[in-house]
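Chain nomenclature is as follows: A, B, C and D, assigned in order of appearance, with residue numbering initiated at 1 for each chain independently.
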Amino acid sequence: TVITQKGEYLIGTGKKDFDIREIGHMEGISDIHIVSDDYKLVSKKWKVKPTIIDLGDGVVIEEGGFQIMAGPCSIESEDQIRKVIGHLKENGISIMRGGVYKPRSSPYSFRGLGIEGLQLWYQLAKEAGIKIITEVMQVSQIAEMYPYTDIYQVGARNTQNFNLLDELGKVDKPVMIKRGISGTIDELLSSAEYVFSGGNERLLLCERGIRTYESATRNTMDLNAIAVLKEKTHLPVISDPSHGIGIRDFVEPIALASIMAGADGVIFETHEKPEEAYSDGQQTLNFEESTKMINRMRKTFELRESF
Amino acid sequence: TVITQKGEYLIGTGKKDFDIREIGHMEGISDIHIVSDDYKLVSKKWKVKPTIIDLGDGVVIEEGGFQIMAGPCSIESEDQIRKVIGHLKENGISIMRGGVYKPRSSPYSFRGLGIEGLQLWYQLAKEAGIKIITEVMQVSQIAEMYPYTDIYQVGARNTQNFNLLDELGKVDKPVMIKRGISGTIDELLSSAEYVFSGGNERLLLCERGIRTYESATRNTMDLNAIAVLKEKTHLPVISDPSHGIGIRDFVEPIALASIMAGADGVIFETHEKPEEAYSDGQQTLNFEESTKMINRMRKTFELRESF
Amino acid sequence: TVITQKGEYLIGTGKKDFDIREIGHMEGISDIHIVSDDYKLVSKKWKVKPTIIDLGDGVVIEEGGFQIMAGPCSIESEDQIRKVIGHLKENGISIMRGGVYKPRSSPYSFRGLGIEGLQLWYQLAKEAGIKIITEVMQVSQIAEMYPYTDIYQVGARNTQNFNLLDELGKVDKPVMIKRGISGTIDELLSSAEYVFSGGNERLLLCERGIRTYESATRNTMDLNAIAVLKEKTHLPVISDPSHGIGIRDFVEPIALASIMAGADGVIFETHEKPEEAYSDGQQTLNFEESTKMINRMRKTFELRESF
Amino acid sequence: TVITQKGEYLIGTGKKDFDIREIGHMEGISDIHIVSDDYKLVSKKWKVKPTIIDLGDGVVIEEGGFQIMAGPCSIESEDQIRKVIGHLKENGISIMRGGVYKPRSSPYSFRGLGIEGLQLWYQLAKEAGIKIITEVMQVSQIAEMYPYTDIYQVGARNTQNFNLLDELGKVDKPVMIKRGISGTIDELLSSAEYVFSGGNERLLLCERGIRTYESATRNTMDLNAIAVLKEKTHLPVISDPSHGIGIRDFVEPIALASIMAGADGVIFETHEKPEEAYSDGQQTLNFEESTKMINRMRKTFELRESF
């Protein structure tokens, strides 16, 4: 039995065929569905209505809608935060991204400002009416970060960190799960199933490019996955073109393309001076590029809506 | 020295540094460029003006423009051809795709109607004012097909069939080269360089999905490649969403996405009754779906143009 | 400064060129090396002598030697443990593998017996003079498992779980890190660098197959990686043919091949009745197959040694 | 009906179930098999006896045996040929590899000496009692090369050049088909089926590494494929470690590993002075390295035979 913050679900799994009438007349059962996929609760097969994630203050992410999240790769300083917030306010963006715990391949790289950085950032964002999304890397950070975050992000290296997913299932704040660096679509949905079956229904999925043999781009953005996910799940699907292609000049076309592929939102990296950013500068837009892209994304979404 | 149907080029390659002033003052030299990539003539580094391919009768494919090519996977019968032509005329499409030589993994699969099918098809298309594009699989077919085709297509399995590319360099009809099943962007450009350096400048490139570990879709459409190719080459880049995702329901979102990524055209599969098609039925649109998608593609291109 | 259980290292990183004579004459400096790779301490560039990991009681894993580790995918019951131990003793194997915490794609799959299973297993193994290796999935398990394990294993999904790696750097028991499902060789070495720079030099690396487009086998065993790792690092490299190919009949040829490629050890799955195993039965050898393979592996290692 | 140089086969394909008794009593039918794979004639399901390819003069390649083929990437000059032949004779090698038609990504690279080079080489090899294997790139070369070759090689870029395969089915000389750069095991077998069903049963398959995301090596040698092919087909399977890893120092361990994985032969690149070779020097062994590896390969095969 799964009890989430929104309802109660009884999941039955097994290899035997099953007569659903046997439990259908039992008291308290309102509906029964057979879902043949490995994932059950995140499937569109039983829940046709789109998932709506309400962050409060009128900020909503929903399957079928469109939200933009933007900000630097790493949170660096008060000055940097203030400048990004100013840029977001000017463009009517309500959700800021940024990292304070940075997963880095090498132990000698910059690993982020940590909890102090998060506290400062959250404070400034709250004053400005901006929600924040930031990566959580391990179980012990969940409680620590709780007062200072609006959406927990699970990074591509942690998509199958099942203990982390289990624990995020117990939290009453939304979670965005990025697809693994070489994760399949089904693995992403199964990872979401961990959190959902743990009790937390407020989930977002994020396509951020996969690893292939092509080395001209940092990753290979898989827009097929966005189209497929839109059919398989009732959860909102977010596109991350910054990591998906990894080269500044091409972030915009991939962002616009992902909207046409069906994305319910776009998350991207912006910084006042990308060339001075602590990390990911090569794929980060400056504010001018960011503003131009935001306007074009909105027009593209409008067109998609008109279809 | 490369002499094409449009001009003369002198290509110098080598590992030594080179003082371009040495040849700059020689008679007959109008311009000199240094191109550090493996491919030279297809690079945007020397040719900033987009390539325009004029098929006659007002049908033009050009870098920066937008053309649609549609038709069945395989040419099957006169009746089938007439119905597709009717559908194209209704929707204002001027280029029909179709295969008469089919590369098939198994020797026991349907391999196409061959030259008789092509002759019939070309005749019917010409009467209707429709241009045709069809796959050439080997050198001996080039001359055979010459009177009956408007654009030669080089399939994904032949992207590095260098003898075929060499011979196509000697022909005065346009050639569309599909990216290899696991071809890199640079390999595609080098294959185009074969044809161009052979003398034929009228070239199109086509992204049709690459092979990855993801098995939920037939291929992984690489829209990053379209964005990157648009910067690297002056040749038009065409998107093939039918093969790129391989599942009927998702062809439209990927087609629209590829326009936003920068495609100069879309080629897709349509058939009166996809479920009865000899091949690729699972990714082929019926006429109703096709009409809807054509309209949406045009609106998407209009929006892109407005940016 | 890195202080491990074996020595003290001063690591300097940066982009500037550097005159090593400046620090060479300082007191307490015994040796200086320049390592241009992202990983430093695990590189063979400074440490030519092979790493030797002494597990006590004469059980040693060393670069250039050969050790076998065998056992079931999951620890299931006392009876199962006793039977495997009996099989290992008969074949002179000193290290038993087995999982009590199982990372599973779906939350509804069997997740292992947990700490009680580990306690029982360790007790039985100790009585028999057998060392054990088992997977640790999260930071909180490190201390919990400490009294009951001889080698911590980091699974393919946790190769870039950097917090876990950081914490394992503080432990005085050996750690075997598996290559990520799509991890590069350099990423594996950088993950090892996390543990080493955290203070724990007793490290093993494990090739267990990577994810490719080929679906005839579970993974694609990358024996190239074993050959390359042997040149890049002084750490022992272990081969896992069970996961590497994932099909029982082919485990032996891949095990023997990996010895010829240079592996310092092989870890594989065996069970009295593979068809009844809780997990991974399709790639698990029965005891008869296991015995045959153990003998052949030893002869293959002897041959390699004679070269 | 397929009539090969060795026998007659009636292949029936289709989706309907079929009662084999209906044709079993017909005259002239000696045996009936049901093969559910896409490939039929190359399957081990009907032919249990290994295929033996007799090149004459006592040179035999057979499934279950072991043959070595060695030589330079490109044939360069009479002097080079003589030196390699001398090296092969000293080591008791009867088959020499070399390219006179070179598939090159760039049209500006060295493309081989062509038919004159082949004639010279064949003459010298014949005098020395050495058989030769060389790549055929297009249909028109088949007849041209016929008098001067012992084994036709189909390169990785032509594995799915179906016209070439069709024509090679009509020739009475052996053909070795290399796996495609990203070809699946099943595709390789289906390509062999083209040649076999065209009438030529004398076929070899060759694993030469596949394209993956790993960039530390030129390709990823897939030894799993060798183990799997040995079960699926009665055709001999050859390993090409030179292309499989692409780095000189690692050719030997991969060669030895591939023998343990089940290879019926090894083909590798050797040259008197690899650093001066026209192509592939970085993966070519000098004669000293070659001699050492040949001896070790033979000992490794002996050990495998003893199992």
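Before moving on, here are some points about what is shown:
What we mean here is this: a contact is a pair of C-beta atoms (placed from the backbone, for glycine too) under 8 Å apart; a residue touches a chain by one contact, two chains touch by 3 or more.
Every value quoted in this text rests on a predicted model; they were computed, and no experiment measured them.
The chain pair with the larger count of C-beta pairs in contact, out of A-C and A-D, is A-C. Taking shared numbers over all numbers used, the chain C to chain D interface scores over half, which places it in the same class. Set against the C-alpha centre of chain C, every other chain centre is closer than that of B. Mean C-alpha position of chain A lies 49 Å from that of chain D. The mean-CA centres of chain C and chain D are about 36 angstrom from one another, to the nearest whole unit. Here the CA centre of chain A is 33 Å from the CA centre of chain C. Contact of a single residue of chain B with at least two other chains is seen at positions 182, 186, 211-213, 215. Taken together, the touching pairs cover every possible pairing of the chains.
Within the complex formed with chain D, the residues of chain C that make contact are 182, 184-186, 209-210, 212-217, 220-228, 230-231, 244-245, 247, 249-250, 253-254, 256-262, 296, 299-300, 303-304, 306-307.
For chain C in complex with chain A, the touching residues are 11, 13, 38-40, 103-108, 137-140, 157-158, 160-164, 166, 180-182, 186-187, 190-191, 193-194, 197-198, 211. Interface of chain A with chain D (complex): residues 182, 211-213, 215.
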